[in-house]
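Have a look at this one.
Read from first to last, the chains carry the letters A, B, C and D; within each, the first residue is number 1.
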Amino acid sequence: MPLKNYRWFIEYFSSEEGHLHGIREVLFSKQTPIQSMDILQLGSYGKSLVLDGRIQSTSRDEFIYHEVLVHPAMLTHPDPRRVFIVGGGEGATLREVLRHRSVERALMVDIDEEVVSRCRELLPEWHQGAFEDPRVELRYLDARRYLEETAECFDVIVIDISEPIEEGPAYLLFTKEFYEIVRERLGPAGVIALQAGTVSLNDLDCYAAIQRTLAQVFPVVSPAWASIPSFALPWGFSVASKGRDPRSLAPQEVDALIASRIRGDLRFYDGIAHQASFLLPKHIRTRLANETRIIEDNHPLFAWT
Amino acid sequence: MPLKNYRWFIEYFSSEEGHLHGIREVLFSKQTPIQSMDILQLGSYGKSLVLDGRIQSTSRDEFIYHEVLVHPAMLTHPDPRRVFIVGGGEGATLREVLRHRSVERALMVDIDEEVVSRCRELLPEWHQGAFEDPRVELRYLDARRYLEETAECFDVIVIDISEPIEEGPAYLLFTKEFYEIVRERLGPAGVIALQAGTVSLNDLDCYAAIQRTLAQVFPVVSPAWASIPSFALPWGFSVASKGRDPRSLAPQEVDALIASRIRGDLRFYDGIAHQASFLLPKHIRTRLANETRIIEDNHPLFAWT
Amino acid sequence: MPLKNYRWFIEYFSSEEGHLHGIREVLFSKQTPIQSMDILQLGSYGKSLVLDGRIQSTSRDEFIYHEVLVHPAMLTHPDPRRVFIVGGGEGATLREVLRHRSVERALMVDIDEEVVSRCRELLPEWHQGAFEDPRVELRYLDARRYLEETAECFDVIVIDISEPIEEGPAYLLFTKEFYEIVRERLGPAGVIALQAGTVSLNDLDCYAAIQRTLAQVFPVVSPAWASIPSFALPWGFSVASKGRDPRSLAPQEVDALIASRIRGDLRFYDGIAHQASFLLPKHIRTRLANETRIIEDNHPLFAWT
Amino acid sequence: MPLKNYRWFIEYFSSEEGHLHGIREVLFSKQTPIQSMDILQLGSYGKSLVLDGRIQSTSRDEFIYHEVLVHPAMLTHPDPRRVFIVGGGEGATLREVLRHRSVERALMVDIDEEVVSRCRELLPEWHQGAFEDPRVELRYLDARRYLEETAECFDVIVIDISEPIEEGPAYLLFTKEFYEIVRERLGPAGVIALQAGTVSLNDLDCYAAIQRTLAQVFPVVSPAWASIPSFALPWGFSVASKGRDPRSLAPQEVDALIASRIRGDLRFYDGIAHQASFLLPKHIRTRLANETRIIEDNHPLFAWT
């Protein structure tokens, strides 16, 4: 009898589909003022951060998520010195940003102080001391309001937030209006990166609408994707840019940039992975080409509905 | 209350991880002499074939599996006339093979007559009449024995079988000895294609050992992969060849070959998808490079152990 | 890996509670014109009949359900010759009724011919040939309409129907108006028996309202209960009578009646079990005493809402 | 989508059966030196104590368990002044014992200090301040060793421990040798009470063997049972006595004893519930009558195997 697995975590993708995990240990579990937060030791993925019932990242494969989120955008910019991170509570997005030798300032704004504090305390494998780096400034605020009010400009803005659910903190960070605010705060060669929901063929609405909305605001939008096993469904990303297109970087060029600009070793990302990230299957490209929906503040998008 | 989902199918990836599906309808369920067989109407994937508790293909996304399994190998061969299919009970591999105008003969050998008959009867969306094509010969035999005894040669051999589990029919079709038999039955430019298990980072043993074993037998081995949402975990394939390397085909070349050689429209596969199929992330390439295990008849490999 | 249990049946008691069963085999599964019907081989309870997602009875413990449903009412009547069964598709209620030597006629009216036919074919352990008994008449009709239109009278009426759910066939067979129809068709010492839903302390509404409604129609109402392991939750019954109160039968008297009136051996029911069936814990008696709800045709009751 | 229930607790009764609970909140979760301990807020049962994956008691229905465990034994003794409790970490057995006006000393010995401390802190609804009662002495020791070494005698000994599992702390508290030690520490009219595992018809081995073993040691053994909804399966108890038989107390007598000897109101237990607790169905009585197994230190019994 599998007594050790008497607790199960199910990440539901619909009322009829889910990813089932045996919980070996509940390391932390709390309702913050913003969202529910669990740190679970899962049988197949190790320590895992779960917000509002959804896996954010796991010790086993967070490297895929954070490398593919951060590096394509950072390398697309010719000289990223000032980086703004929206969300990114685990500190691993910050960790990957700080590996870039050019970075002089990394400002991270997360709305949920409790999540960040607990990740800092309980997920040292994620942040690896990034919060202590002297280049970092950390603030607990609504990132949208902050960007509206600041006059500062950034080279790269990484939007590392949870999915747009109705009860959650994130859905106003997926709208055309928000992306316009972001664009205003970017320098002339500015680049943004964001996670963009699942690219399962059952549920391409978010992914397609996000790319379409970005295309209203940015001259270059490069839809990307990666397979992150703990997410089960294939996952979408996007790099949008005022200047260069990340797809114009040849694999060898990416490898050379990694060698000259990034400290330490990467596990997932290199020239080949860069190239693969922007190659989408035909049915997904077709779906993207046909999308008409623009996400707006008064017409927001909610995932998993 | 979700009354309609009182029946659930769980595809276990380990005793601590699984993919959970609401069963809308049980269309067929039987123990054949070879294996257990279910045809289920799943909430998120429609009609689905399940053998020995594992999803083989679903009406929603079988096109991905069958296109990526068949076409890269078929286009790698300069003129595939004679094709041998090992397994492929649903008839969809056969369907994709028959789309190639060059094909004159397609011999399919499946060990489980009951599975093939039931698929023929209950899964017409899969085979789309392929079994009635005059180019087809269908036999219910042990494919390994058949290949040992025949003197016939083939241009392409597609191995579309379930995973190597101890109780299942397939494990002796994943060994060096079997691949040697296959090689003997291939013409000089012969190519084979096969599914090669999960490429989740939790479970790369099968995938890596299969590629390593193939490399003992074939001069060209091209590991491939695709994301098939109903499989949850990313899935591995391989194209092994006596002649051309599929990775040498440029996207435009693939698109031209599709236009000239394949009837009808493909949904997943084209030049870009071809290219992406052979681009593996760094950590998987590293794992493949370090693999030493050769699968042999007296040292077989079992998945999910 | 528990491969054999890749199919699970969950009987939900609420959206947050259920009884989980490994399915060893799906023996039958169909949507009849009236309801969904499954015959499953469950790991812990053997062959099991499931209607609209709810266990009706299992080979392991159906004897408890059918003995406690039938015999207290039958023994309360001085000489039960004519018996009417509402529902009872498995044929096991009929089987228990026919064991009574006094019975001359057993009329069973079930609305779902498919369910009865399939039970007759696939559940021989339940009916044990009862349908072939010459005393039996079987009709496929709406039992309520039948009772309204017939002029025949009965000594005992056993109401063996599924729970009152909104989509199901049964909810108009739990109302005051229906019980009045039933009373009209009973002889002067007439007795009825029925299953009355769960008596879990989380969900006493059905049970209490049914007893209260019966008390509007019958001079004697004896709430009963039993623990049937496959139901998980403790289960309620009721005996309502125009004459004798079943609680007035002493255990020795019940044992003597069993010896003289019932053929064959009982496994659950005897004088002690009779007595125990009518002894409810204090908190349930308190709940029953405070119930005010009367179930009426235009104010029906639905379980599991 | 049932997002709030992304965490589930499954209490397995076998590898093919379980009771499924949505977890609303994880209030506490830790591996103590002795066992795993969770305090969960379950959807259907409220706050619940889980040890080694098994529900010990829940806020919704702990009153049934603790009343039926304690009061039949206490009322069977003519004048219970000195009470010994083995286990009983929640403090609710202690609470019920202290309601008896005659009690002068209640000594509780539990092996797991962490469990008791956490229950004291987090389950005030259970103990209701019992631990502060001046009549109480609390020790964290192996109760068996304590009873072997003390010379003190007790009127009633309540054994409130978890089930005998191989990895758990309890299995040597279910043997003939242990019951002999207990008997030595009882006064001449001494009575003991204990929980005795499930009485589901699928799993009567523990229950029957415990009663048979007790009968080797005590002149009077009264098997009992109750339906506790959160346990799903019907649950067994036993009262063993050197003097009176609890079954000799008539309902009216029990009610009179409750009125004179117990402070406050009971919710489950009264004369009728007392009587019902000792009335077992025929098939369980038959099983008990045929049991031959004696549990011994060198031939222990393990539940759920």
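The rule is short, and it goes like this: a residue touches a chain if its C-beta (ideal position, glycine included) is under 8 Å from a C-beta of that chain, and two chains touch if they have at least 3 such contacts.
This is a predicted model, so every value here is computed, not measured.
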Any chain in contact with subunit A as well as subunit B: none
Geometric centre distance via CA averages, subunit D-subunit B, whole Å: 56
For subunit A paired with subunit D, centre-to-centre distance based on mean C-alpha positions, whole Å: 51
Centre-to-centre distance between subunit D and subunit C (centres being mean Cα positions), rounded to whole Å: 33
Subunit B: positions in contact with at least two other chains: 2, 5, 10, 14-15
Category of the chain touch graph - line, ring, star, complete, other: ring
Full enumeration of touching chain pairs: A-B, A-D, B-C, C-D
Subunit B residues within the subunit A interface of the complex: 2, 5, 10, 13-22, 24, 42-45, 60-61, 63-64, 200-202, 226-227, 229, 232-234, 266-270, 272-273, 275-276, 279-283, 285
Contacting residues of subunit B [partner subunit C, same complex]: 1-12, 14-15, 23, 25-26, 29, 31, 38, 50, 52-53, 165, 167, 304-305
